[in-house]
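I've put the structures underneath this note.
Note that chain A is present in both complexes that follow, paired respectively with chain B and with chain C.
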Partner chain A sequence: MSSHIMSAFDEELKYLNRRISEMGGLAEQMCADAVHALVNGDSALAQKVISDDVILDNAEREIQEKAIVTIAKRQPMAADLREIIGTLRIAADLERVGDLGKNNAKRVIAVQGTGVPRKLARGLEHLSELALVQLKEVLDVFANRSAQKAEAIRQRDEEIDAMYTSLFRELLTYMMEDPRNITTCTHLLFCAKNIERIGDHATNIAETIYYIATGAQPQGERPKDDSSNTLGAVVE
Partner chain B sequence: MNMMTEAAVEKALDQRMNDLSYKMIGKDVSVYYGEKRALFDVNLNVRQNTVTALIGPSGCGKSTFLRTLNRMNDTIDSCRVTGRITLDGDDIYDPAIDVVELRARVGMVFQKPNPFPKSIYENISYGPRIHGLARSKTDMDQIVEASLQRAGLWNEVKDRLQESGTGLSGGQQQRLCIARAIAVSPEVILMDEPCSALDPIATAKVEELIHELRSNYTIVIVTHSMQQAARVSQRTAMFHLGQLVEENDTDKMFTNPDDQRTQDYIMGRFG
Partner chain C sequence: MSSHIMSAFDEELKYLNRRISEMGGLAEQMCADAVHALVNGDSALAQKVISDDVILDNAEREIQEKAIVTIAKRQPMAADLREIIGTLRIAADLERVGDLGKNNAKRVIAVQGTGVPRKLARGLEHLSELALVQLKEVLDVFANRSAQKAEAIRQRDEEIDAMYTSLFRELLTYMMEDPRNITTCTHLLFCAKNIERIGDHATNIAETIYYIATGAQPQGERPKDDSSNTLGAVVE
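Our next item is the complex of A and B:
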C-alpha cells in the first residue's frame, strides 16, 4: 500500500507493528521457557518467566497509550482504523498469553516435590509445541497480513484441542491409579489448560489479522475439538 | 433525551428512507465549463430524509455536481449540463421549470456565511415574502420564529431581531443562513462546505442541526472533512477527477470502502 501523505503517521503505525512483534517474541519465549522449567524442575528459569511478565504488561500498556494518541491525532479511517484497533486487540491477547505462561511458571515450585512423570512431560511438551507453532506462525502472518494464512491458522486450533483432551484423560488416569499423584496432576491439568488457551489466543489473533486485512469477520464457527468438558461424566 | 425514543426515531427514519423512492435522481450527468469537461456521466441518486455527503479531493467535481441539483450552474455562462436530473420525477432542466421556484424547493447554504446586510428578521422574511408564503405580519412573524427555532438560533437572537445579521458571530451567521434556507420550506437543502469557516463549537452546532433537519428535509452536503461526512451522513459519495468513484453506506465507506481510490483518499495516502 502507498504511504501516507503525513509520513509521521506511517512512522506511528510502524512503531505499533514493531512493538507487537516484540511482544509476540517475548510471549512466545516465556511460554516455551515455562514448559521447559516445568518438565526440568528449573525454578530459576521459572523465576525469569515470572519477572518477564512485567515487561510484557508494560509493553501492552504502552501500545494502548500510543494507539489512543494516534487515533486522537490522526482520526484514522478504513484500513488504518482497522489496523490500530487490531493492534490493541492483539496486544491484549499477547498480554494474556504472557499471563498464562507466567501461571505455568508459578506451578514449577508446586510440582517440584514429585517431579513430572516422563510420559506426562512429553505430552505437555507436545501440546506446548503445537500452541507455540500456532503463536509463531500467527505472528509471521501479522507481519505479512495474509488473510488466507490467517484463516488457515484459525482452522488448526482443532489439533491443540484434541491433544489437550487426550492429555486430560491421561491425567485423570494417573490420579485414579494413585491418589498421591493428585497434587501434581491437578497442577499439570491447569498447565495443560493454560497451554490450550494460548492456542485460543493465537486463534483470536488470526481472526483479528483476518479482520485487519479484509474488513470482514472470518466466516463460520471456529473449529473445536475440546471434549474435556464432558470427560469422566460416566466413570466405569 | 430518552435513549429509547432516540433509537426509535432513528429506526423510523431509516424505515422511511427505505420505503420512499429517491428524492432526486441524477442520470448520466455531465458538466462542461466551455471546452473543459468537469463531470463525466455521473449517476447518483439522493434518498429522501437522508444526509448524503459528497467527498473527494479539490477539483473532483463534487461542488459542481451539488450545484447542478438546483441549477446554480445556470449563472455561469460557459457552463453546459447534459444528462437528466429529476426532483420527485420531474426533470429540473425542463425549459418549463421556473428556476426561482426550483431554488425555493432545493435550497442552498454556502461555504462562507453570507447573510444579507439587513436585520436578522429581514434575512429570514425576504424569501417567504418574494415567494408570497405569508399572508399577514403575524404569518411572517411565525415563519421567522419557526425557521430560527429549527435552526437552533431562536434563543440566541429573539431579543435582537432588528439588529443586523452581519453582527452575529460566524457560527450564528451560518445558522442564520440555514434558517433563511428553511424559511421558504424547501424539500432539499444543499450545503457546500457549510462548516469550513467555523470553529469546532459552531461546527458541532451546525452538525447537530443537520442531524435534526434530516427528519424533515433531504440534505446533500459537500465537505472536505472526512470526519464530518462520517458524523453527519448516512450515504457517502466519493468523486475523483470528475467521476463518481463509489457511493455507499457511510458506515461501510469509512471502515471498509470498496474502491481503492476511496481507500487512499480517506486514509490520506498517495493515490
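Our next item is the complex of A and C:
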C-alpha cells in the first residue's frame, strides 16, 4: 500500500516535471520568435507569439492546480514538498518569460514604420541568444537536478547584463544622432530590457533548482538586474 | 488535541499574515521614497531604499521557509493549503515590488546631472500615487479577504496603464525636442515602466486573494501590462 502511494506520487511529480519542460520549450520558442519577428518586421509571427501566450498561461494554472491537489492528497514531507513548491515557482517564472516574449512581439508593429537598423538588430539577436542559452541550460539542469551546475548558471547572468549595457549605450547613441530614431529606439530599449529580464528569470529558476536540491537558498549577493547601477556611470 | 493543533496552525497563519503586512508596508515605503529621491535628487534617500531591499529579500525567504515548515508539520487541506500557497505568491510579488523601487532608486544618480523637469516629476509622482494606492488597497483587502473587492482592484489597473501611456508620450516629446534630454528621459521611461509594473504586482496580489477566497482563478482576460499594445498606435 505504501509503495503504491509512493508510486502514484512519483507519477504525479513526473507529470509536473514534463509539463514544466513543455512550458520551458514553448517560452523559449516564443522569445526567439519575437526577436525574429522584430528584426524582420514579421507581424504574422508576432501575432503567433501573442496567441501562444494563452497556452503558457493555461499551463501555469494547470500546474498550480495539480500541484496543490498533489500536496493535499499525498501530504509530502521535506524534499518532496520542496520539489512541488519549487515546481510552482518555476512555472511562475516561465509564465513571466512568456509575457516578456509577448511584450516584445507587440512592439513589432510600433517599429515596423522605420525598421530596425542592421547593427541594432544584430545586438538584439546576440543578447537574445545569450538569454535563451541561459534558459535552455537551466531547464536541462532542472531535468538533471545538479545544484553545482545551477550555481554556475546563476553566476553567468553578469555576461547578459554587460551585453545589455553595451546595447543600451548604442541605442542612446542612435537616438542622439537623429531624433527620428527616438520612437523606434525607445521600443528597442524596452525589448533589450525584456530580454535581460529573461536572463533574470533563468537565474531565478537556477536558484529554485538549488533550493530543491539542497533545501537552502544560494548564498551571496546575486549578480542580477543591476545593470542599471553601472548605467548611471556609463550613461553620463 | 485536535483543537490544540488547529490553534497552533492558526497561530502560524497569523504570523505569516503579519509578516506579509510588514513586507507590504516596507515595499510601499521604498517605492514612495524612490520617487521622492528621484524628483528631489536625494541620493541619501535613494541609498536607504537600496539597503532596505535586503530586509525585504530576507523577509520573503523567512516567509517561504516558515510556510513550508507549516505545510509539512500541519498537513493542511483545501482552504488552509490555498492560504499558505497564496501567502508564498504574495511574498514573491512584494519582493518584486521592492526590486522595482530599488531599481528606481538606482537611477537617481543617473538623472542627477540634469535634474527632472517639473512637469515630468509631477507625472511620475501622480503615476506612483496611483500605483501605491492600488498596492495599499490590495493589502487592506488581503487583511479582510474579500473576493469582490479583489476583483474590483484588478479591473482598475487600466487607469494606471492609461496614465503610464500618457507619461510615455510626454517623455518621447521631451527627447525629440532636445537630444540633451535623451539620457535623463530614458531613465525616467524605465522608472515609469517600473511604477506601472508595481500596479501589475498589485493586480497579481488581487488575483491571489481571489484564489485564496474562492479556490478559483479570476475569469476573463486581465487588463494588465498591455499599454505597449496601444503605444504602437500612440507613438506613431
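We take it that the second predicted complex is superposed on the first by the 218 of 236 C-alpha atoms of A that agree within 3 Å, B and C clash if a C-alpha of one lies under 4 Å from a C-alpha of the other, contacts with A are read in each partner's own complex, and residues count from 1 in each chain.
Throughout what follows, contacts are C-beta pairs under 8 Å (C-beta built on N, C-alpha and C of every residue); 3 or more make two chains touch, one makes a residue touch a chain.
Source: prediction; values computed, not measured.
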Chain B versus chain C as contact partner of A:9, first or second or both or neither: first
According to the contact criterion defined above, which of chain B and chain C contacts more residues of chain A? C
Of the partners chain B and chain C, which touch A:77 in the superposed model: first, second, both, neither? both
Which holds for A:175: it touches chain B only (first), chain C only (second), both, or neither? second
Which partner chains sit in contact with A:88 here, chain B, chain C, both or neither? Use first/second/both/neither. second
Pick out the shared contact residues on chain A: the ones touching chain B in one complex and chain C in the other. 75, 77-78, 81-82
Which residues of chain A touch chain B in their complex? 1-6, 9, 74-82, 214-216
Which part of chain C faces chain A closely enough to touch in the complex? 61, 64, 68, 71-72, 75, 77-78, 81-82, 85, 88-89, 92, 99, 103, 106-107, 109-110, 113, 172, 175-176, 179, 182-183, 186-187, 189-190, 193, 217, 225-226, 228-229, 231-232, 235-236
Residues of chain B touching chain A in the complex: 226-227, 230, 254-257, 262-264, 266-271
